[in-house]
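Pasting the structures here.
Look for chain A in each of the two complexes below; its partner is chain B in the first and chain C in the second.
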Partner chain A sequence: MALHLFYKEWLKTKWFVLASLVLGVGTILYAFIGLNSNIINADGGSNYVFEWFTQAGRPHYGIFKNIPFIIALLIGGSQYLPEVLQKKIKLTLHLPLNEIVMLYTMVLYGFLMILSLMVIFMILFFTIDLYFFPVEMHIMAINAFLPWILGGFTTYFFVAMIAMEPSWKFRCLYAIVVYELLDIYLLGGNVSNLYVLMIIVLVIASLGMIYTANRFKIGEK
Partner chain B sequence: MIPKMIRLALVLLAVLVMALEFPKIYKKTFEQRERRTQLVFSEMLNDFVTLKYEYDTVQLREIQVGRDRAGNTYDTKALMDIFPMRNCRQLMYENRFPDTIRGQHVTLQMIQDAARFPLFLGAGPGRKSLLWMFESHTDQIKMELPEDMFRLTDEGIEFIETDINRVKGVNKEKSERFTQAMKNEGIQFPIKNIYGLPSTSKSKDDGYFMVDNKDDFFHLKMYDGEPQCHKIPLPVGMQVNGMNCLVDDVNYGYVYDQNYNIYLMRIKDYSFFQLPIYDYKDYGSLITMSEDLFFYTYQLYGLDRVKIYVVDKEHNLLASETLVYPLYENSKVGQRENYVFPFKARFTRDGAKKLKVEAYDMQRFIYLNIALTLLLLCIKLYHRRSMRNLFNYLDLVVTLACGIYGFIAVLIFPNRK
Partner chain C sequence: MEENIIECKNLTHYYGKRLIYENLNFSVKKGHIMGLLGKNGCGKTTTINILNGFLQPRSGECLIYGESTQNLSPETKRRLGYLIEGHIQYSFMNIYQIEKFYSGFYKNWNRDAYFDLMKRMKILPSQKVSSMSCGQRAQVALGLILAQDPDLLILDDFSLGLDPGYRRLFVDHMREYAKAGNKTVFLTSHIIQDMERLIDDVLIMDYNRVLMRGSASEFMEKFHQFTFDLNRDDVNLKAESLTVEMDRIKNHYELYTYASAEEVQAMLQAKGLEYSDFKPVKMTLEDAFIGLTGKY
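After this line comes the complex of A and B, so read on.
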């Protein structure tokens, strides 16, 4: 049953997954094209980019900052909007499977899709980055990517939670709270002390759907 | 049960968001900022003058007025006379620029050449990332970037060769040569802190200063491609807690000890000259230093105050004074905030960011919290919520504890059936 559900989700989201893949790969390649252009054209010659990094310049991977959030919105939106707007979710909930298991199979699909995309992006990024930079630069990049990727997952879970909410009024209110909450993942700088908070928010976001699905099930307006 | 527990967690997240945002919105909406008072040392009076903006009923606008510590008042024109260096161009234009200041012949050019933008100084760890080792013995007026960079490891120093920014690998020969020179001088790896000026915008290079694993202090530079390492003798009991390097012919830079005393380290003999600033530990880590023809001015920054030290060119203390700023928290609007919000949250800015929650005085906000709790109780009773449900009581507890944040949060995430 789970595989069938996965296939159903794939049919809904395949073009958006492809668009996300193109967006992510394109952004990373563009970052390195820009970097290479700076190296070739810079007066500073071979050490220009090192200077760029060590003098608090703007690193080439900064362009990736919003990509996990956009991808989460794309995949989450494509998964849940048709279900909710056309009330198809009621059909899904009538399948012979526990409702929570059913909903979380959908969430798991989206989570795995985003995870797979992020793994592809990171492999691509660090494969090229290894060619250019030593380990110090990779540690800087990992520290920057981690909150953004966690933020992407949190966004996806919140999209699922908001989509399952039956009332538009509350959907808007949740969206305002979530929009402000996601700022935590975009603070920048050294956020090593905030990972615990980020993970707590991520866990609560992943469970949030249970609350709104319950409201949907009992017919709250 | 589980959906209601998750709802409670979501309510607490909404409380966090509001505690982060509402006080900021309140402050931006209601704060009335005044033009800041300045405290400036006058080279003519040899004393501090407080500069303020006051409303002039004749000119019908705010004008700058100065008051010295003896109580004398200076209008805009008189201020120009007691601060000739700050107003040198205007005084020159008006043909009022004095020939001598403090008994010394001065010209506009001398004043402009001696003025230096404030340097940002302060104790703390240096940056231990990839750094350049410049050639210290050079005829060039501008630093040339080396082809390699170095990192400090647990066992020594490691030079990485670069070629069009592609990492070629570790230069083992150079790394071993430098590591050995450092070990010969007695450095115990790993290095705890390193201080230097890894910048090309300097006219000379003095290498790097390092605190080793035994808290000894060393100087390392590259001279004609070879390592030069010296152990720096520290005064008895002194541990280095920070350094700001300078491009200077007399001093290597400012060195801070474990008690936040500030020293200048001389190039001549690595000796330490203590500055007459003894309360740095009572202030934040930032110090600014500005320079003009006659003085060095150091400023220490506290939460609501700034302390200014003026020293002559030999670093003898001429005067010091503290200027206290009115804090927003102590203003009427800031005080009212205490009655509205039970606490506020913010992320710290310096170093590793942290979530900081500051609670207000409970005696002030408790009345609003109780009122909102009673209002929520009325709303629940009006909508015939079951008061046998534990979670309805928890909503009341959240509102009582978190005040306006809790009240709004429990309404955003409804708890109906």
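After this line comes the complex of A and C, so read on.
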């Protein structure tokens, strides 16, 4: 039954998954094309670029900052909007499966899609990056990517939570709170002391759907 | 004794402070087709939502196969076919995909029943639900129900948006299917003449109350309409105990009642009213519904 639910999710999201793939790969390639021209054109070559990254705080991968958030919105939107419009989610909730298992199978699909995309992007990025930079630079990049990717997953969970909320008033309220909350994933610099907080927010976001789905089920307005 | 498939006990619901109904009780027996009739806003969709577990009543409960509709088990849901108002289905799927999707959830899935109907309606497997007319969508929804082969069907306003031909097709298919398989059906519709061909039992609701519940044929036997002319056009018979509803155009009166012709005539004579052209009128279910609830 899970496979049949995955099939439904795939039908809704396939073009958005493809668009996300193109967006992510395109962004990474663009970052390296820009980097290459900087190295070629700059006096001092890669030394100049290294200083530019570390002191000016403008690494080539900075362009990737918003990509996990955009992809989370694309995948989440394409998954949950068709369910919410005309309350088609009633069709899904009527299927002979435990409702929480069913909803989290949908969430699992979205999570796995975003995870797969992020794995592809990271493999692509670090394969090319290896050509230009030493391992120390990669650790800097990992530290930068990690909060953004965690932020992407958190955004996705919040999209699912907001979509299931039956009241537009509460949807808007949640969206404002979530928008402010997501700032912690975009602070930049050394955020290692914030990882615990980021993971707590991520876990809360992943459980939020239980609350809003129950509100939908009992007919809250 | 026949088994109750649906049993609603003391249902009370409000939207905010607006009372929809209080202490509503009804049951649907195995193999029966019950139609819920009522004017707009009297609580038909509220009742359907409670039955499907998408609304928690303020108090009371509904049971389906003995389980609370708020917590139906997957086994009970598998026995339940549900048609959403407007024949809503997953519009991003085509005919082939929607069958493939649903087939994974039902053990006795009969794909031939679905594809036979699609073929008869000349709907192609590659046709998307989003590009279909309301009538075609209704046939898709019906085909999916036939393939699922549920024991209980809940149909919310099944005639919405359908032209007379599609409505008749839907009603005839549904009646044949339900009677042949001893299925239980609970349905609502705005078009009462469709109900007449389909239902065994009827529940007629007005704002905040139930006007009638029971066998549709018994109701049609016992409920009468009489027309007559009086020599005055200012008589109000609404307050009479045997009057359910009354309408008047000049000195021509229409009286709806559970009383017999003799009883009505005796009442007119007792009031000293001279009547002429006294006639019983053969009613359709729609006439009887209007007679019971009033025109507005």
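We adopt the following convention: the second predicted complex is superposed on the first by the 217 of 221 C-alpha atoms of A that agree within 3 Å, B and C clash if a C-alpha of one lies under 4 Å from a C-alpha of the other, contacts with A are read in each partner's own complex, and residues count from 1 in each chain.
Definition applied: contacts are C-beta pairs under 8 Å (C-beta built on N, C-alpha and C of every residue); 3 or more make two chains touch, one makes a residue touch a chain.
Just so it is clear, the model here is predicted, and its values are computed rather than measured.
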item	value
Chain A as common anchor, with chain B and chain C clashing or fitting	fit
Which of chain B and chain C A:P134 touches, first, second, both or neither	first
Per-residue touch tally on chain A - higher for chain B or for chain C	B
First, second, both or neither for A:K12, with chain B first and chain C second	second
Touched partner set for A:H4, first chain B, second chain C, both or neither	second
Touching partner for A:Q86 - first (chain B), second (chain C), both, neither	second
First (chain B), second (chain C), both or neither touched by A:L95	second
Vertex chain A; arms to chain B and chain C (CA centroids, nearest 10 degrees)	140
First, second, both or neither for A:I218, with chain B first and chain C second	both
Minimum Cα separation, chain C to chain B, after superposition on A (Å)	9
Chain B and chain C footprints on chain A, overlapping residues	218
Of chain A, residues touching chain C in the complex	1, 3-4, 7-8, 11-12, 82, 86-88, 90-91, 93-98, 216-219, 221
Sites on chain A touched by chain B in the complex	39, 44-51, 53-55, 131-134, 136, 170, 173-174, 177, 180-181, 183, 187, 189-194, 197, 201, 204, 207-208, 210-211, 213-215, 218, 220
Residue ranges of chain B touching chain A (in the complex, touch as defined)	2-4, 6-7, 9-10, 13-14, 16-17, 20-21, 129-132, 145-147, 149, 151, 160, 162-167, 198-200, 347, 351-355, 412-414, 416-417
Chain C to chain A touching residues, read off their complex	15, 49, 52-56, 70, 74-75, 77-78, 80, 82, 84, 86, 88-93, 97, 100-101, 103-106
